[in-house]
């Protein structure tokens, strides 16, 4: 391989390793934001979705996503990908697929059956995610053909996970005690420090997520990657600050969990446009996403009454969609604010809606079927005692 | 004045608290203890399966003036109940004196 | 012998301990409990603002021989005091017998 | 019925539990407390060496029917013993009534 | 230095940094799987073995391992390695040596004297590990000459640590209360979430461990490294799944700590063959190792009655040996299943046995001497109260 | 961009990402070493100083530091840095600036007003740090002209943070209960395991901090970077061992928190000279810094009676200055021990004093003003109850 090829491959591998580490971040955020009696169950779900995703994406998911297109809709599947020239791509795409899958575990935490989750997670990585991914990233998908821009996956990865989360959290129903007499109650996370560490790890990994999505670093790609790192960082920082001030205004005090979610909201929102917007654009996207996520969490919790313990729907679904739309506004090349008119915005909206519909519909069909066949939810007794002791006969915390 | 010490299932706590609230027993303290009793819980850890009678429980300490005793007991016996081994115990003992630190009130005045 | 159970603000603990020390009450046990009472504390979590009366408190269990009772009560009532709702309660009850495990001493000897 | 409150070394707990089991005292509750007493423990933290009498202990609350009292006390006094300062204390007090929530049994029936 | 040289050096450094981070992973796994009253002691042991290893390997260990061979058995030692062209190699090998040493601390946790451990750890990094390492990795060692394949150290690093652990745990004896009336009791780890985070960190670092062992990334090495990343990941994922299902079968519930150990078992097992087997081979090795580790933990605990709180012997010793043997079966080039016959398998067995014997014998001699001279174990009182308060006059957890 | 340029940029980005992760390390060390009731507040301060630093350094700080020099004293500021060829530099310098700022939060933990901290942190990143940074790293600063060597920032980053910490901790005053009757009391950290994880993360990130400061890896830089990694690692290891033995001597037991601080002391001390000293020199610097930090912590605590919960002044201020001075002794090129005479040592002392004076003076003026205007300290009640419940209406730990 020539030097440029090596450089590109090296960068993809490193970025992929960073993205892998995001799994630890998700695990920590999800356990930290929920109760200690279910921590073991969340650990298991997070490890397993990555393991299932790794095997499943290699076994078939990768080619469903990147195989030769069948009608710009789906790739031609082949079993057990083994092209030794493209192992770095398999790796990078595997960790992306696992990210989409793992988002859901947070939204349905503390009440969902373990087996049901395993099955859903597999379908997510080998079917739901790769098909809509094909539309945007394979090169000949129908959304690519329209000119849809989702550089690193605000929509392809995060919104897919987020919208599936919405459907899943809705179908599973709220945790016992979450809503009483139509009022939303707070069910505090058991360890916000662990949650905060999770956010730092996610942020750390996100440099690989967005930077690696350039899929190259040689030649002109180098400055592009550096620019992506900056836009990613600025959006996250701006969003955390913005979420903090909004929460400060609303609740009279700077709220810890909202600030943490704010950082993630900024990261999700910039993911689509990290290569298309200027640093200033990134900062503005961050400010907007940080504010939005606070209101969205309140809305989903109090108005929709969908119980999402970690805010996955708002962070990944809402801010993912929002960030994708904002590309149509802030893209230096073609964005509304840069004189590009409404065309790109329209295309972005088409993609957001199409993929959102896909994710929600398929998630609904799969989960509804699972509900009928094996059930989504643990028994009331198991839920109250905690999933760890019933589903795993173990306690995470001991002397 | 009586002290009621109730050792109940953690999972029943919210219900019990709610019910106490309805009969206006709004003062008590609670903490988590490990209970040893008839109930057994199955555990597995690194290949060792075992059954333990050391189970997490919630300990409620409620001091009430005498007229409140019966209704508090009724509520506790009713709401902490599941019928399955391990529902817990309630112990009643005598309290000689009670003070409210803030007002220096004594006796049943301190319990209002 | 009497058992004094004092449920106080965690923030007052160091002061109380110091004051007990000065009157030579150097033996007691304490642990953290959640108290339900008049005091309310404002919390916000993920957009839900609520006010809870479940507040962290420290529970002191002090067994004293009868001559020590009054001065211990005085110190507790004085040093645990802030005047704001939530200062806590003190309960006094009877202890029939006390043993020091190390020496097998009984009664008030065991409390020296 | 009597309540036995034993404050013992954490390190002695397993032995005590085992011994109680042998005399068929299979019902009790326990939790961890900090004990203040004669024993001192040396600590160093960031250059500050100090000796504290706040030591981790285990608190056992055992309610027994009268015939069980003596043998329980014997076992506790024997197995919790090391002879070194800090073995702990045992307090006995009266319990007026006991209920088993599951069966509504009262009195010593509830303690079987 | 030319570009290829720079690329290779860059990759080795990055991989080495990732492997360094595995020290954090070991610390977390070991503390999480043991009791809180000994957490400070485990922290100290893990930090110190790395520090001692860093100084010791630089001072002499590196040249014992990589110096000019003396009879294919040991390198010519020289003091304080200072070849400024090979600092990246010193670094990469240092973090490997520290890995071998740190494995032992888990197996003998909660009862071993701190000073004894420090001395043993030093001997491990400057003597036991580098000598057997010389046999395989210096280039002219007698096992290299035989054709023994241990790409990244299933045997050279992990088994050495694992077998030393077995001897150490045996000599130190079980923790008080572990076995009563011939029955094995569970002594629960105090924080499985911290343990799970440790596993994620180890997995993350392992990409450097295996990928970096290519010692190059330029030219054709690039695709080789990518392939290694994939085999590593697939084996880990398959092993975690396999351990979970096996534990599910055995104990009726998917076991958290076994699943975590399963992932590590897969990582250890693939370490020898990560560059020699196909993705499918890797997945199969993972499945086998994940199952094996569960039975091995049970066997060592219940039959051998050797008390290994974190499963170090099974994960590193047993699965390390097993993975090394399986190279003889699954190596695309020379493996039994690929028509290579039994030759390679025989060579692999020779290496596994030779190095196992070396590690066990030397560990035994060293520890037995230490036992006589200063003792291996803390007093009964110290053990029951916890090592932290006696050995360090401190508690890890406070208000 | 040519290959060498890409390599350099790639290394700078990766190093910057590692340095970013140090923010997580700081957060964990600071929370671990303080009480649980203030953990949320520390999380918020650490996240916010990074966010503010990211925006502030981009908005103006970077050009104040690296803009064309005005009298060798300050750069010409320009707003919202947007040179798309230098985004990697902006990123790398941003994470450095945030490091300097975040150091202070530890020293004033558990008693400082949140708003005051936010304002101070902003001034730190856009004014105090970039100006003294300009003197040394812009290329035409007056200290550069003198020949002052501070390769990766023992003084420029760490001492600036450390001296500002000293002033801040002094002005804020000790925590309630820290000193009674002139005696220093121990206020134990609530989770040393989290603190230890923080140290591992910092050590991990420090390879990027020092290694990345070469600002290149192509050609001859490659071996230089590798050498830096080795000196960094040896100094840290030697310092941890040294601090452990010193504490062992002083307190009769190997002290956990001192050992952890020792590792950090070694890392800080080697930062100035990591590229200028030999491995042996690095090890000696480590040994000295590890011993120094123990005495310094005692001195500041017991003699100066300045309450610094995490030892930030000793680790970053004292050891930063000390390490910078030692460059004058151990620099292979020009150091006292290498026959270079006292010249370099004098220059180093000049830099240490000049920058120390600058940091202390400006921090004093800013904090003194803030004290008068909005106050530095929370109310007594807030402090006793914990900052989390009052400043954020939340508890970090729940069921």
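Each chain carries a letter (A, B, C, D, E and F) given by its place in the written order, and its residues are counted from 1.
Throughout what follows, a residue touches a chain if its C-beta (ideal position, glycine included) is under 8 Å from a C-beta of that chain, and two chains touch if they have at least 3 such contacts.
Here the structure is a predicted model, which is why all the values come from computation and not from measurement.
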Required steps from chain C to chain D (each step between touching chains, minimum): 1
Labels of chains that are neighbours to chain A and to chain C: B, F
Steps in the shortest chain-to-chain touch route ending at chain E and beginning at chain C: 2
Repeat of the A-C interface, chosen from C-F, B-E or D-E (over half of contact pairs identical by residue number): B-E
Cα-centroid distance, chain E relative to chain F, in whole angstrom: 34
Centre distance in Å when chain A and chain B are each reduced to the mean of their C-alpha atoms: 43
Approximate Å spacing (C-alpha centroids) for the pair chain D, chain F: 49
Where chain A and chain D are represented by their mean Cα positions, the distance between them in whole Å: 51
Residues of chain A engaged with two or more neighbouring chains: 3, 7, 10, 14, 188-189, 251, 253, 255, 257, 392-395
Chain C, residues touching no fewer than two other chains: 31, 43-45, 49, 93-94
Each pair of chains that touches, named by its two labels: A-B, A-C, A-E, A-F, B-C, B-D, B-E, C-D, C-F, D-E, D-F, E-F
Touching residues (chain side chain F, partner chain A) in the complex: 1, 3, 5-7, 9-10, 13-14, 16-17, 20-21, 23-24, 27-28, 31, 39-40, 43-44, 47-48, 50-52, 54-55, 58, 80-82, 84-85, 87-88, 90-91, 94, 114, 194, 388, 391-399
Touch list for chain F against partner chain D, complex: 184-186, 188-189, 247, 250-251, 253, 255, 257-258, 261, 294, 297-298, 301-302, 311
Residues of chain A touching chain F in the complex: 3-4, 7, 10-11, 14, 18, 35-37, 188-193, 196-197, 199-201, 203-204, 207-208, 211, 217-223, 225-227, 229-230, 233-234, 236-238, 240-241, 244, 251-257, 259-260, 263, 278-280, 283
Chain D residues within the chain F interface of the complex: 43-50
Interfacial residue positions of chain B with respect to chain C in the complex: 3, 17, 26-31, 61, 63, 93-102, 104, 110
